[in-house]
Each structure stands twice: as structure tokens, then as C-alpha cells.
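Each of the two complexes below includes chain A, the first together with chain B, the second together with chain C.
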Partner chain A sequence: MASQETFKEHSVAEFFKKNKQMLGFSGKIRSLTTIVHEYVTNSFDACEEAGILPEIEMEMKETGKDRYLLKVKDNGPGIPKKHLGKALGMMLAGTKFHRYIQQRGQQGIGAAGCTMYSLLTTGKPVYAESGNGKEIIKCNISVDFKTNKPVLTNIIEEPSDFRGLVVEAEFGDVKFEKSNYGVIEYLRRSALVNPHAKIRFTDPSGEAIVFPRSTEEIPPKPVEVQPHPLGITAHDLLDLSKAESEYSRLSSFLQARFSRVSLAKVNELKDMLPEINFNKNPKNLSWEECEMLVQKFKDIKWISPSADGIIPIGKDLIEKSFVNVLNPEIVVVSERKPKIYKGGIPFVVEAGIAYGGGIASAGKKGEVMRFANRAPLLFDAGGCAITETVKSVDWKRYNLKNFDEEPIVVLVNISSVHIPYVTAGKQAIAGIEEVSDEIKNAVMEASRKVQVYISGKRKKKEAETKRKVIRRYVNQLSSDLAELAETDDEEKLKEKLSEMVENRYT
Partner chain B sequence: MASQETFKEHSVAEFFKKNKQMLGFSGKIRSLTTIVHEYVTNSFDACEEAGILPEIEMEMKETGKDRYLLKVKDNGPGIPKKHLGKALGMMLAGTKFHRYIQQRGQQGIGAAGCTMYSLLTTGKPVYAESGNGKEIIKCNISVDFKTNKPVLTNIIEEPSDFRGLVVEAEFGDVKFEKSNYGVIEYLRRSALVNPHAKIRFTDPSGEAIVFPRSTEEIPPKPVEVQPHPLGITAHDLLDLSKAESEYSRLSSFLQARFSRVSLAKVNELKDMLPEINFNKNPKNLSWEECEMLVQKFKDIKWISPSADGIIPIGKDLIEKSFVNVLNPEIVVVSERKPKIYKGGIPFVVEAGIAYGGGIASAGKKGEVMRFANRAPLLFDAGGCAITETVKSVDWKRYNLKNFDEEPIVVLVNISSVHIPYVTAGKQAIAGIEEVSDEIKNAVMEASRKVQVYISGKRKKKEAETKRKVIRRYVNQLSSDLAELAETDDEEKLKEKLSEMVENRYT
Partner chain C sequence: MNEKVAMDKLKGLGKDIHDEVVKGEPPKFETVLRSRGNIKYDEGVGCLRLGNKKETRNFLTVSQSRTFMQTVAIANKTKRFLKEDLHTSIRGLYYQLKFSLGENLDESLFEEQGESNALIEDLEVALGIKREDLHLTTDRKGVVAGPMKIRDKFGGEENTIDLTKQGRSGWMVPSDVDNGMEFMDVDAKYILVVEKDALWQRLNEDKFWKKEKCIIITPKGQASRGTRRLIRKLADQDLPVYVFTDCDAWGWYIYWTIKTGSMNLAYLGRDFSIPESKFLGVTMSDIEKYSFLKKLTIKAKDIDVKRASEMMGYPWINKHKEWVAELKKVLKTKQKIEQDALQGQKLTFVGEYIKEKIKNEEWLP
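Then we have the complex of A and B:
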């Protein structure tokens, strides 16, 4: 290992400055989509928590070669002065990181990453205006990379009835293009699963595209949930117990801090673990005791985790979106119960399959549409558990050919209070066993329904073919039978035979 | 955006604790390979810098279900007391992060990540012994997640002639398995491209496997390089100029701090940019001046970046490894010049292709072996620029069928002072344009050589077939000709004709 004198410590801002590809800043088109993604998801999250129907206006202007000025304005609650700098100019700072609450952003990196990219590529800070309906604060925000601290300049505070957030920033080494990985495709997919939002985007040519609001229903406000005992690790338990300040007895701590832990369950645990004193202060739990508890958690029959904190897209909306966008022959959606992965974190997988019809006529084949907490994932498909799982399904079992040869679109959305992303750039889901398994089960459930439809269709087609073949013989047969039976009621025989064929083969 | 009162800041240790999948800790088998990878690459780096032939001893013992004790001992220079805690118990700390020097580790995360994983899964700190040949320090090391600071306990210091580092740690939620993604496969590939190292691994069953040293040649010591003006950004230039303390004139600063900048080149720049005073203190450079300079850098004809700082595997070694391991019919290796990507960072891509022979008889098809700075990349193949690029090559152009159907193994190694990894887990290369392009060029160069061989082989086969067909007619023809020519020297004719055929079709 290293022995040099030049041992140094680095801030997380320096780390991501040197490894900006880990935040999604690689490639000109992708970098621009990353920026739009970060601002839009932040606005969605803020509006959702404040119970506001989001309205986002975006304007992009070309200011030079591979250089654009982006203005984003939302109607959210704005950001209070004391948090504004940190929200836009400090990494790993925010409201989301430490809570078990479903939001699109979850790391406290995104918007500060955009400020970083603006500084790196144009040397310019980001300009922000934040209003709460009474007063407005306007300022420039940059990041001090050495310390990962925000730097605010030109601060103006004044009364104003504006409510919302405006961010204006200039970026270099980016490119606007109407491609499958571009800003407009990102917004299109975003609008698809967020029909309560209105988004207006003016592209660099001055052309405006509006994704209108198609429902006035505000999605449920995300609520903070507690970890489920299944999936919790000894370390998590020890951490939570050390931090406990309200409950002084282990038994009440367990009931208060974990989902689905009732007095009855605590009594079950007591019977299983007579060596643990359930009246002790949770602060005094040892690692060994935590390990024993976690071990026994696995032997108890728990109620499934609550879906309260989780806001999936929903069956109706997925079906409606599929029909609107793809007009397929068949749409199936599997709705599943919440599952949990390591850390006791609940998540829900939704899988929808659209097949044939408009997909076939558009020449689309084997497409996977990925979402996480209703935010589209456009990049890093190759390294994403969703793509990997969908491709690993043995589609032949479902009366289909190879996935890539069928007119099929598979949509998968994962909703959770903490999505296990591969990178801080949040574009691919990590192949964690519990998550991959659940994606597979959801996709297979939907596939079975498609199979039933397709095999029904095939049976119908086969019956039709048989019917046609046999009908050809009816004429011959009825005249032959008439002769054999020495009757001249050939027409009647024909009629009877036809009836039999129709009844048998439809 | 967020408006809550619960705005918090988080340490990078907390971030990676919650997102341990980003460090490669997802899945039991993968997590164990990640651990071995981090310790082995650190030992390699330390030995290389100290000019020592590495000798690594590893022992793994099963201590419970999915729980193993790992002991790693190297013969490196050890870590001085003042750095030991940070090296093993603090993230983003180290000697590598800030320097332009080729090493396997580059982030200062790896070993501290292993300490984190030990704490998370067994609650136990890591035990370390570090000796410099005169004294030894022994201690337990853990991480304070809230502050990302190392915590050292049970410190013992005493005289000792031991030189090297010993790390002993217990990990849970890991699994030892002899699979393609397991520890032994990792070590096998590591040994393949590091023949100067001796590795001894004792697996949990007590069975020892030794990867012997096959060369006594110590690889060149990595040297620190300077950024190349091509690929530098205005922000990099501004950063470097603000940090300058030795040179007080822009012209000397440029010559001293960048690779390939001579006085002649500075004079060219002066002619192009009369508006910039090249005698000014670099500390006073403005963003605009940096942008102008970077713009003009692109118009100057520079000497390619130096390969000094870069230590590739080398053609001979790749060929030898291929022959030893795969015994193929043909081996080709493309050696290429250093290229640079954004930030002025030089890198070298090596591509080797092995085809047929032992690969065919082993039933292997379309395999990609990925390396970065001579460390094997086993995971995340789907999201790696190497795999993506190799698969995107139109192999039919090279007289081959689909990649997945041919008995072919493609090896790609990227060497650089800073590898653009997709994640901090360092298992996939990001698809940065310059890097992807160079991988493609290297693979295509090797492919062309394979093509020449294959088409040569096919031509030879075709000629052989023709020769055989024609030879069949020689007998008939010589007797017919003898008759026509009214001679009885049939044997002589046959001889002559055979000779013609042999000359024509070989």
C-alpha cells in the first residue's frame, strides 16, 4: 500500500469533478439530458411534497458551439434562503438522503452536480430565484470544490408574490438533439407517467412543445415510512438503537421504529430470545444482541411491508399511457405487492407489456421502457437490472420468439423510498438479488397474460383453418351421404353438417 | 425543490454506506471478489512504486453462514503510522487521487470500503499490521460514518524487522464460490497480466493455489505525468494557474506544467493571442483568457502525449498469456500510441485477439476479457465501453460470423493515469467518446490481422480443394492427351501436368 508523504484528503465535490461521468456527465447529448432530468425531478418532488400540481417552463438557447443557456421555472414552494445554497451548491446535502421517503431525487447530489458542470464548462455560476409568495431571494451560486461548500454572491432579497424556483445556467460541452436520448424524449417519457404535470419546453430554435396536464388529480403526498424488520441488518439495528432518544425500553423501541412490529411480535421475540432483556435501554444493545434479533426476525411471520410510502404509477395509468402512445393490440399490467430488500427497504415493481398492433406497424421490436419512481431511465441500459432481467426471460416459454424479434414493449417501474442505483447518475438499477427477482416475477406475470392471449389467438386461428378445410368437404360429403342414405334431401344434410362444423370449430 | 426544515449534510462514508452497490458490494460472490480486488490492487500498486516484486499471501476461513475471515499479507513498503488509519478507514483519502500517475487504485475509496463492509456485516473493525523493516504498528481500524474519519484502537508499536502490510478482516454477506465471478478467477486473470507477482491463496477448505512468478523483471515504476494541452479544459487551466506558486509568468508556467509545451509552442500561442500578456502572473488568468488559450491549443500541432507515465501490458506478454491460457490457432495484438481524453489525460489501449485452436476445442465463443491498468474487470460487462464497443464491431466485415458464434477471445486493456470508471466500484469503463473510439480502433486493427489470416486460410483451403479436383482429372487428361498427341509417353505428360497443378494451386 501507499507510503508517500503526499497523502491527501479530498472533498466529495472534487471526487465528482474528476469523475463527472459517474453523475451522468459523459457525452454532449447525455450531459444535457442529465441536466434537464435533475431539474425536472427536483421540481416534481418539491411540488408533490407541497401538494401542488406541477407546472414547469423550460427554455433553452444556443449561446455558442456546444453551449446552451437553460432557464427552468417551476411553481413549487421554492427553497428557503438558508437551504438555497446547499440545495444548488453542495453535494450530499438535502432533505431526502436520510429519510425513508419516496422521491425521485434521493442523494442530494443532482442539482449541485449541474452547478458543478456549469462551472467546469463555462466558468459561470448558476443564477437562482426562489420565492415563497411573500419574498424572493435572487443570487448566483457556485461550489467551492476544495471544501464542497456553496458560494453565494450578488444576493438580493425583496418582497414579491412569486412562488416557485427559477434556475438559469449556462452549460458548455452539451448538445441539443432530437434523438432517442435527447431532452425531448426524456420529457415525453416523463410526461407519460406524470400526467398531473404540465411541461412547456422551448427548444433552441424557438419552437415550443407543450406536454399538457391530463389529470387534475394530485398524486398522494409521499410519507415517511419505517424500515421493515425483514431485510434489516444488525448494523442498521445497532445504528438506530444508538440514535434512539425517545424510547428507553427495547420493546417499545422495536414497536415504535419498525414497520409491522406489534406487541404480539415483540412477545414472540421474547420467547425466542430469553437471553435478551427487552426492558433494557436500546442504546445498550450490543452487536451480538442485534445479530440475534435480526436472525430471529427471519423466523417470524410478518405482515408484508406497507405500501403507504410507495406511490406506483398504477395499472390504469400504465394501460392508458400504452394505449395513447403505442396503440397496441394487447396491453397487460401486473400489479404486485410491496417487497423488501436489504436494509428493510420496501419497494414495488410494476410491469406492463404492450404487444402487436401499433407496435408492429411502427416496426418497433423488443423495447424496454425503464422508470424509477416515475422518472424515465434513458441511459446505461446495458448495465441495468431491468434490461438484464427482461432479456434473461425465456420468452419462448410464453409462445414468443426471441425478444428482439417480437413487436413487444415492456415497461418496468420501480418505486421505493431508496432506489438502488448503479451510479450517482441514477440511470441504471443495480442487480440486487431481491430486486432482480421481483422484476423477473413481475415481468413473468405479465408475460403469462400475454401468452394466454397469444395462445388463445393461435387456437382461434387454428380452429378457423380447420373449419375452412372441413367446410370444403361438406358439399361433397352431403351429396355422398344423400346417395348412401338413398334420400334426396341433400340440402338438409348440408345444412346439418355445416351447423356441426360451425359449432365444433369456433 | 425541497423546502423542509430537515435539511442535512452527509459524509461521503454515509453516502457509500447507503449505496454500497456503487462500490461493488452487491451480491455475496461479487462482494467477496470486490474485497480481494481492493486488497490485491493496493498491494500491487505499493510494491510497484517501491520497486519490489510483489508476493501476496491470502488465507480465507469460513466462520459462519456467508461469513469469512480473510487475511492478506504483502511484502510491500507498509504504510507509515500517520497514514495507516486514513488508508484503511477514510474515504477519498490517499496518495493517488490528486496525481497524474498510473495506479490500479485511484480514488482512495477501495480499502476503506472494505473496512466499511466488515463493520456493516459483522460489526468488527479491521485488524492491520504495518512494518517498514525496523518497527511495526498493529491496530484495529474502523470508520466513523458520520464524519468519515478513521478510528484506531488497541495500538501497539514495537521494533520488528517485518516489512509489509497485513490486513485481517471478517466479512458477512459474502460467499466463496469457484465461479467465473469468484475470487480464484479474479486472481487467475490478475496473475495473467502481472507475471512479476507471486500470489498464494488458501481457500476455505484449506486448499492452497499458487500463481507463481514467471518473470523476475520489475515493471517500470509509475511516474507522474503532466496534462497534455489537447484535452485540457478552461476550468482545468484556471485551476492549475490559481494553484501555481513557483512560476510567476504565464509563459514559463505553461512550459513547466504541461506536457509537450516548448518555448516554440508558447511563441506560436503568443502570435495567435496578441491580446494575452504572456508575462502576466498565471494566478491572474481570467476564465475568458483560459477559454481563448484552450481554443488555440486545438489549432497547434502538438507532439503526441508521452507514454512515459503509462505502463501497458505489452505485446509479448499478451501473446504469451494467450498462448499459455488458451492455446489458440492465431494470436494478434495491436499496439497503439497514447491518446488523450478530456482533462488532457493520456491513455493507451491494447487489444489482443485469440482465435480458433484451443478456444474452439474448449467450446468458448465470443468472449471479452477486460482489464484496466492490468487489473481484471469481472463485473458490469453490460455497461462497459469495452464490451459495448467489441459487440458493436461489424465482425462480418472481417470474414467472421456473429461475434457470439465464433471461437474468439478479445482482450482489451486500458492504461491511464486516470481510468474513467462508470462507478466507484471500478468494474466498467464509461463510454467517453475519445476512449470508446480508441477501443474501437484498437480492436479493428487487430481484427484486420485476423481477417488477413482467416482469408489467407480460406484461400489456401479453396486452392487445396481446386488442386484436389484438378488432380483427379490429371490421370484421365494425360492418357487422353497422349492419345491425341499420338505419343505413348503418358507418364511424362502426367508428371508435367501434376507439376503444373501443384505450382498453380499451392
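Then we have the complex of A and C:
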């Protein structure tokens, strides 16, 4: 068993080393954005769990061609010594992997992935400082690729009142650029959906940009929920059963560790699977047995999973952020109930539309901002269900002639314990029917309100234009008409005509 | 007089709209649709005219607002012309009305002349009067000679013009032959309309009008409004009208415009058409009859052929089998012949040709 585990971990680090594009390390600009994303989401998640208003400072310096030194400092709870290595130097360390909790970083490979990238491109380890307000630990962290074990060196531990995490790392084969895929755009969008955070970023030219905090409200702590039978794979089931130490019978393990699994449901499973001994220790479940169980889970009518674990951004906050960041003429945000995909995974879609005003003056047109659990998705837009769905909306029906030319920003945020990403790069939402349908419904709900606003405004504007046009002609017509009819009624005609024009076009 | 009628109608238009406005009703007036769909061939009279489809112009309709104001401005301005007894061209009218609508408005009453043309037609149709009655002149075109006199009241003077004493140049047809003009001592047996000025000069030199006791008119191509009115008025004195043009679609079309009027000016109706006129030649059949003409034909151009096939499609033309036969010959032989070709053997043959045709009643309807 031990050798099997070693082999597994070995393959994880080696695998991602060879396939770093799967983690978002492909292309110089994208790689840098991925790095920033990993650190920022880690900080946000940590602060949220600890109930702290996040404050992140970042500084980037150019150290060579396509080579940058990045320093990230947050005010979070810090990482205890025993977890520090795992968090920054071990792929799939499992600190989050099997927790059913809604977080931005979901797969636990993020920050360790950055360490890996630093080692691969510069050969240098990552320097970290972690403080809990009483003591601080300073060290260098690298990854042993063969064993997927973190390696900590130059460790200094001393008393300190610093609380938070500092990471300093140098990366090669990356590039800073002020583009739609760059770091600043990423941070701008992050700030948009995390109005409780304050972010300060100093770019390689020394120019600092601050995204201020616009609410003191800390989002609710994410709740850890039990997995629903419909939301797990055979692999998940095997991992969970191996880790089980409290329950020694399969039937009680299933009831205790999964949501909506009752004795009655276990009995149904027993009837369907006479070949499985439900009294056996879950630790002894075989891969084949897990597969059979997961297969049969699909044939049982379950009560839908609880959506308690899902924390959307919220209508008010999206509206507030839109106003703060974009200053648009109108903001509309849809409010939707949780839905379920693949029969068991709850998710919530929020769609916000901002139109006109600051968007027009900033020259933005037809922009789609994608988010998953409040983390911006900047890349792989073409293959993302959000982009595809937004583009598939018949915007003409909503009084928007040409979506790509209108001063409009559409924000879509998907919140779920399990975001259905296309790849481990976590940049695109998979086109699962239930998810796509819900995105469409949410966007259309918001669009309808925008339509009402635009058509009302357009009508009013049209009436005003018409009124103006006709009023220009009133004086000339009155004078000609009075003379033609051989009367002295010019003034009276003017008055009457003006009145008629006003009444007709208001 | 027409001018008096026009004056009253203009005032009436003003009064009607004025009263509507005072009552708080949207200012509007009605006119007849001039589009292709409302152009009819009047079988009884034998001319093109407008049907009954009406159109309302409303000042409160944004798309019509500006043109409504402009139409009233034209009405008022031309009423002043009538009062002052002054004439001008539509270009002159345009300049009279090209002024700013107000100090802070970057817009003129008229920006270009093109705007006014359609509105003048609107006014003509709405009021049932001609632009000539509004003292709007058009370019003169057309020359006359023959046994008749004209009394011309103009510019405060009155002159009598003898059309037998116009020498080599003839009398030029003015744009308006209705107002301030009287035809006297018309002592002719018929009227001959000759397409080309060159042929008219030939006949004038030959003293054809004197020998034949007829009035010769050349429209110099397509007949102007004034020329068409002149022929109409003479025809009204029970004089037969014969038309003599080139033998090609263009020449024939000149004949048909004189006879039935044109699509563009269908709104003018009978006043500008002479349905009783007859076509003397030149015809395709003449080529067979006068053998010397065979060598004088020219190849028809594409546009001649195109026009010929268009004419075949007009019901007022294709109801005459003689014309269908002529047009078919053009389409088949792709040939044409100019009236000038009649001088090919002998310059004075033209006169003989015409006399023979009339004597033998050899004409097309």
C-alpha cells in the first residue's frame, strides 16, 4: 500500500511537471496571471475562513528578459509550520482536496504549482514568511519532484507580531503586459467580485495601482458540506473510505459521511448489490466495489443535496461593485435559486449586466466577465460555457443591436463546491447542459430588465428628438401660413403649433 | 384667368390649414400619389393620368414635417409672385427660399434645389394647377412658324406677334402659353410637329407652312411643357396634329409623349397630351416603300432596342397592331433611320413626303 502511494505522489509531481499547461502555465502572459491568481485566491480563501478582511500587497520587479520577481504579502492567518511545506511545496497535498467546501482554489495544486514553476524556470526555491501574530517562520521551499515532498531549508523561527503570509518567488518564461489577459485586468476583476478586499499592486515600472475596499462586510464563512452520492466518483469514494477511521462498517460509513444517505437508501443499495458485504470495513473496499456503488447511486431517487454550502456574491454586492468599478448608467443583477447539475452537484449562477455611462466613456464594448467562486476566468474564453451562452443570447430581442458594439459588460459568476471546469487549468466552464441552461436563464433575466430600461429610454429620446426636429419648423410655418391665409395670426399659430408638438411628443 | 384661380387656391390652402391649427387639429393637406402604381392609362381620353390613391402630408409626422413647412413656404412665395406679377424659374424660387431657419439653427429652409422640385409637383397635384400658373417658368424649347398671330401681354407691355413674319428663326415657344397670351387669326389646315430643328429649318426655307397652310413646330427633341401646351391649345381649335420624327425608338417615344403624356408628368393629364395626334413617319415600312432609304439606314443602338421592347410592354401602345408591327421590325432588323435621310436624294423631298402621307392618310395611330 505504501509503495502504491509513493508511486501515486511521484506521478503527480512528475505528471504536472511535464504537463504544466494543465495548471495554466502556457504562454508567458498567461503564466504570470496564473501565478498571481494562485496567490490571490489562496489569500482570499484563507482570510475568508479566518473571518479577516483581506489586504493584499503585491510587487513585481523585472530581473531579466521574461524574468520577474514577485512579492506577495497578505494579512491572513498565516500557515502553521506543519502545513507550510504542504501548502507551497506539495502537489495535491490534500489540505483542501477532499473537503466539500466552496473555495476559489479547489484542487490544492495552486501555490505548489507556482513553486514548481519557479524551480523549473529559474532553479530557485520560493522564499516564504508565515506569521500568526506571535511567531514567524521564514524559510526557502522547493519541491522534490521524485517524491512530491516539500523541501524546507534555511528555516528561521522567531517571535514576531506579524500576522499573514509573505511569498517571494522569481519566475522565468513569463511576461508582464497591460492587456485583457494581464495581471492588472485579473486584479481589476478580482476586486470587482471581492469588494471586501483591498489590493495594492506595484508593477515592474514602479507604478502602483490600488483597488480599494468598498464594503466592510466579510462574506459568510464557507460551510463544509458532506458529499452527495450523485456528486462523487469511484475514485473519490475509494479515497474517502481509505481515510475512514471512525466507522468500521460500510453501511454506517455511507450514512455518516454522505448527505441524504439514510438506512432505507442503504437497504435499497443492499438489494441492488447482493455481492457487496455492507458489514465490511470501508477501508477494505475495492476499486471494483466503489465503481459498482457509484454506478448504483445513479439508480436511486435521492433527495437533492443541500445548497447550504454555496455562497454567491449577492445582488447588492454585485451592484455596488459595478457602480464602484465601472460607474455605468444602469446595473441589473439576476437573483436565482440554486440548481443542480449531473444529478447531484448544487450550483448558483449570478448574472449582472452593466450598461452605458462609464462603460461607454471607457470605450468598453460587449465585454463578458467570467467568474467561478469569485475568481476571474481570463483565458480560454472560446471554450467556456459562459462565453458561448452569452454569445448565443439573441441580443436584438433585448434592444441591443450588436452585442459586440454596445457599451455593455456582462458578469457571470458560478458558485459551487465543484465548479465544472474543462481542464485543471481552471479557466473555462464545461458546457454541461444544466449549467449552460441556467447561465442562459440568468443572463436573460437580467437582459429583460435592461431591455425595459433601454426601450423606455430610447422611446423618450426618440420623442425628444422628434419634438426638437418639428419645433425647428414651427416659426417658419406659422409666418408663411399666416401670410398665405391672409391673417395676422402668426403668433397664435406659433403657440398652437408648439402646443401640438409638445403634446404629441412627450 | 388661370392666375386668379391659382391665387384663390393658394389662399384656400392657407386658410384650410390655418383653420385646422386654430382648432387644435394637426395641420395637413391631401395630395394624389404620383408613384408608378397610381399611374393609369385613361382609355376614354387616351392619356396617362394619376389614379385615385391619395396621400396626406402631416406637419406633426416627423418624416413629413420639414417638407410640409417647405411646401407651405413655396405656396406663400409663389402667391407673392402672382401678386407682384413677376416670374422666375424653379432655381430662382430655390434661391428666394434658401435662408436660415433661425439664428441658432444650423438649417436652411432649403438646402438644395432638388428638395423643391417634388414639392412643386405636390402643390400642382394638391391644388390641381400648373406650375406655370404659379409664375414658375421652365427652360424654353421649341420653335413655331405659320399663319397665326399671338397677343403677348408681358412686363407691362402688349405686343402682337405675327408668326408668318419670323424669318429664318421662327418664334420661340415660351414656358407658359396660358397666362397673358392669346392666339389669334389661326388660319391653318393642320399642325405639323417635326422632331428635329434641322428638318424644321428645311421646311421653313421651303416655305412649306405657306404652301400647305399649316403651322410647323419643332420641339427640338423631347417636347417641353410649353410646347406640349401650345400643341394642345392649337389642337383644341380643331386642327389635326401630325407628328414627324426619326425612325427609332427615341423618335417614336417623342411622339408618344406628345400623344399620351409621359409617366413622369402623368399628373398633368389631358392638359399636356394630344391623344388625337397622328404619326406620319418615319416608319420602318418607309424603308421598303422608298427604295433609296434602304442604303441610308443605321444600326440601332442597344438603348434603341431596349426602349423599343419597353414600348411593346405599354398597353396604350401595344393595343395598336400597327405599332407592334413597327416595333417588331426594329427588334428584328436592329436598324433605324433618321428623318434627315429623306434629304438623301433631293433636299426638298421632305415636303413631298409629308404631303403624300397626309394626302393618302398614311399614318399610324
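As a working rule, the second predicted complex is superposed on the first by the 338 of 506 C-alpha atoms of A that agree within 3 Å, B and C clash if a C-alpha of one lies under 4 Å from a C-alpha of the other, contacts with A are read in each partner's own complex, and residues count from 1 in each chain.
What we mean here is this: a contact is a pair of C-beta atoms (placed from the backbone, for glycine too) under 8 Å apart; a residue touches a chain by one contact, two chains touch by 3 or more.
Small disclaimer: the values here were computed from a predicted structure and weren't measured.
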item: Which superposed partner A:Thr41 touches (first chain B, second chain C, both, neither); value: neither
item: Touching partner for A:Tyr421 - first (chain B), second (chain C), both, neither; value: first
item: Partner chain in contact with A:Ser334 - chain B first, chain C second, else both or neither; value: neither
item: Partner chain(s) touched by A:Ser31 [first = chain B, second = chain C, both, neither]; value: neither
item: Chain A residues touched - chain C or chain B, whichever exceeds; value: B
item: First (chain B), second (chain C), both or neither touched by A:Leu497; value: second
item: Chain B versus chain C as contact partner of A:Lys86, first or second or both or neither; value: first
item: Which of chain B and chain C A:Ile470 touches, first, second, both or neither; value: second
item: Touched partner set for A:Ser241, first chain B, second chain C, both or neither; value: neither
item: Complex contacts: residues of chain B adjacent to chain A; value: 1-4, 6-12, 14-15, 18-19, 21-22, 26-27, 42-43, 45-46, 49-50, 74, 76-80, 82-83, 86-87, 90, 92-99, 107-108, 111, 119-121, 123, 130, 165, 173, 233-235, 238, 287, 290-291, 343, 380, 382-384, 387-388, 418, 420-424, 428, 430-433
item: Residue ranges of chain C in contact with chain A within the complex; value: 10-11, 13-15, 17-18, 21-22, 24, 26-27, 59-60, 62, 65-66, 68-69, 72-73, 75-76, 79, 101-102, 105, 107, 109
item: Chain A - residues contacting chain C, complex; value: 466, 469-470, 472-473, 475-477, 480-487, 489, 492-493, 496-497, 499-501, 504
